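Below are structures written as structure tokens.
In what follows, chain A forms one complex with chain B and a second complex with chain C.
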Partner chain A sequence: MSLERKDDHDHKGWMESRELTTLESIYLTTLLWLDKRLRIVDYLELLEDLYYKVNMQMPKSHTEQYNLDNKFWYWYPLYALGSFSTISYIVAAISGALLGFYYAPAAAASDGTATVAYESVQLIMGELNLGYLLRSIHRWSAQVMVAAVFLHMLRVYFTGAYKEPREVNWIIGIVLISLTLVFGYTGYLLPWSQLSYWAGQIGVEMALSIPLIGEWVAQLMFGGFTLSQSTLQRMYILHVFFLPFITTAIIAVHIGIVWMQGIAEPH
Partner chain B sequence: MTDEQSVDADTDQDRDVVVPLRMYKTVTVFSTLFAVVGVVGGFVLVDRATERATLPASEIDPIVALAGIGLIVFGAVVYAFSTRFRTEEMGKSKDDAAEDSGNG
Partner chain C sequence: MSDNDTNDDVRTDGSGTGIVAPDDETPTWRERKERTEGLARLTYEYFERSRREDQDLRQQSDYVERDVLAFPAWPHEMMRNLALTSFFVGMILFLSAALPPEMPHPANANQTPAIILPDWYLYWSFGLLKLQTLNPEISLLGGQKLMSDRMYGVIANVVVVGFVAIVPFLNKGSARRPVEQPFWAAVGMTGVVFSLTIAALSVQNLIPMGSDLLLDLSFLFPIVCGVITYAALRTMREGYMFNLNRRYYRLRPPK
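So, the complex of A and B:
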């Protein structure tokens, strides 16, 4: 690929050989003049070339392989849900990293009224330039991700894409949807608002309700049987350290397996 | 349509000019660019001249407002003009005579 001009077409001679009106000649001459200088079309052709070369590396889907696209194309939007989940995950990661510059996971009251965590969220929402936008993007992308992941699971189930030889990827997908929900839950607790606090209380009680290991789970996940600074701290580190590494790695494996096995044909 | 008949001028209304592929790309890319810049820029100018449609009619800046409307019209005309050009093997979109896509 290069930007060497390989087009030797004699546009001028061509134009003279045609019966063009004056306006058409002026129009085409102007556009060709611009084309020669701005070379947008050349760059677009480069991109087009790149696109096809990358596409050649992709596995063929079964609908392509057996020429079923003419019967199947209206199901394609549902096949975008996996990409959609990944994109919303990336958006959440970027906006979350930016939010991390302003959020502090401290359950201590700074001046006897609100906690540091809650106040930092209020700062983001009320005073920080574009902070409202930033947190809204983070929250919406999280909501979209949960919805998209769930719908993706339905698509995989109802098209039978989980069947042999793709069982392992289905199991990995179940792990991923669970991790997504844990992501959502830990993030929900971070503002340390009334909603967060009582959602945390419910979490502790759910953990405690587990037979035999309940108390141990509550200690491990929530740092005790009542909510405290260690609860918030754990949710924070889970949300911004453990889950991102684990989830990103598993998503990579999940997509890698799809790459290797190809898109499943509908059963 | 052979190369000889590349200008089809039965009536002035459906004038149809077949151009080489590379020139067709130029026409498409630049006319779309002009149309988008013209229409969006025109609306920006109209918005600015009328302070987002809040000014009373007497306070509207006529030059900027007319320039905005002119820009919108210019973009639309460039785009409409570009539709007479097509390249070999393309159906005439205006006559709806393209071959079946075979989809569905």
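So, the complex of A and C:
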């Protein structure tokens, strides 16, 4: 009896008994190594399930069953608006992450001189290779997203898709539309140009005119009752940290509910 | 337990695992659930009911599993999605190459620009902030305003968003198409047109029209559009429903 520990099932012996190509043996060695540590085999059923889901055939939709396509085809593009807003959200996220390499939310003076924030945007626009295009893509995908989200809401309204059992998703949609607008607003302030400054001014005044909690809200969102460096910094952190996490999570829930409940088809 | 326990494998003195195999006395999970009280009990009963509901539905004679002979998800559906997605991303890239953003002057608190505006998608909200002329001066308070004009504008925003949020709880029933529910389609049309006119109100100094007239129009025009929508849909209704029903009855003739 040797002191050396031996595999119960002697996988190594099994591997050697087979005549494997190099690729196969590398693959099997990796698989054994991982399986010994993570016991992947326990999760194979999940993978299998996923596999069959991917290869599933889509069930015949209501319109297909009743042969209503000739009546409804012109509505179908309207049913893509939700996907379009998600796609432009992803495009905005990628281009925004790239813009984040060059933008600095700093030294927000308001006396007509160019601040660090303004100059970093100018650097992106003027000197960075393809920086002009990058900012343009970010801006346009944001505009397209807002437009698509609004049109998506109109489609849902006019096809009555918000009715039972989809009320909860309608309300989540309202939250998402508001978050999209806040996304746009915070982004609008970041270059710290004239337009940004005066839009920020309106925002502070709006926050201050909320009854009872107005001053508290102004402090929390704008970092004071007048625009300053802390306003810009808060807008930046909202735009690149809080809103992306919150919005992405709610979008996932929104789409998940659509998946569970199914599309409200035209009838 | 250790006094009359003859099984040496089971130790309860802390040296063993402490895990004891279930005997006849051990309640099953079902029994445990049935023994619960209060909210847990209610939850259990409700879940049992809904499970039975599903079961009954499946055993009904007219229940048919849906056909699964249509469009395969992979690769057909996925390829189509990929094509549409790349086309859409391409459109965004084309747009951004053709129309790059401009860069206004740096922030200057001492110089108010002639036109202060947010992005276009906030015009409606900005317009609602400019409704101070509609803020009632209450005679009981000696012509004083109950709330400040700014707060009035913020509340107008809350009211609009709040109304949109409760639509599913106001409009019930199975009607889906605009022709089936002309009233709600008219409400929607009024809302859409109002969002445009109120946006026009927010840029009133760009619109060649007296501000009083613009204010009146921004409320009247949506209502007119709503009424027209209602009338048109009511007129279309008969013919439209006839066509739709004919389609259904061809497939499933009434017994």
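Keep in mind that, in the parts below, the second predicted complex is superposed on the first by the 195 of 267 C-alpha atoms of A that agree within 3 Å, B and C clash if a C-alpha of one lies under 4 Å from a C-alpha of the other, contacts with A are read in each partner's own complex, and residues count from 1 in each chain.
What we mean here is this: a residue touches a chain if its C-beta (ideal position, glycine included) is under 8 Å from a C-beta of that chain, and two chains touch if they have at least 3 such contacts.
Just so you know, these numbers come straight off a predicted model, no measurement behind them.
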I want to verify the contact counts: of chain B and chain C, which reaches more residues of chain A?
C
For A:14 in the superposed arrangement: first (chain B), second (chain C), both or neither?
first
Given the touch rule stated above, what does A:258 touch, chain B (first), chain C (second), both, or neither?
neither
Just checking: does A:93 make contact with chain B only, chain C only, both, or neither of them? Give me first, second, both or neither.
neither
Just chain B (first), just chain C (second), both, or neither: which does A:179 touch?
neither
Tell me which partner A:221 touches in the superposition: chain B (first), chain C (second), both or neither.
neither
So, A:128: does it touch chain B (first), chain C (second), both, or neither?
neither
Dual-contact residues of chain A (chain B, chain C) 71
Where on chain A is chain C touching in the complex?
54-61, 64-68, 71, 80, 83-84, 87-88, 91, 108-115, 118, 121-122, 125, 132-133, 135-137, 139-141, 143-144, 146-147, 150, 154, 157-164, 166-167, 170-171, 174, 178, 181, 184-185, 188, 191-199, 201-202, 205-206, 208-211, 227, 264, 266-267
Residues of chain C touching chain A in their complex?
66-74, 77, 81, 84-85, 88-89, 92-93, 95-97, 99-101, 103-113, 116-122, 125-126, 129, 147-148, 150-151, 153-154, 161, 164-165, 167-169, 171-178, 180-181, 184-185, 188, 192, 244, 247-248, 251
Contact set on chain B toward chain A in their complex:
6-7, 9, 17, 19-20, 22-23, 25-27, 29-31, 33, 81-82, 84, 102-104
Within their complex, chain A touches chain B through residues 7, 9, 11, 14, 18-20, 23-24, 27-28, 31-32, 34-35, 40-41, 44-45, 69-71, 73-74
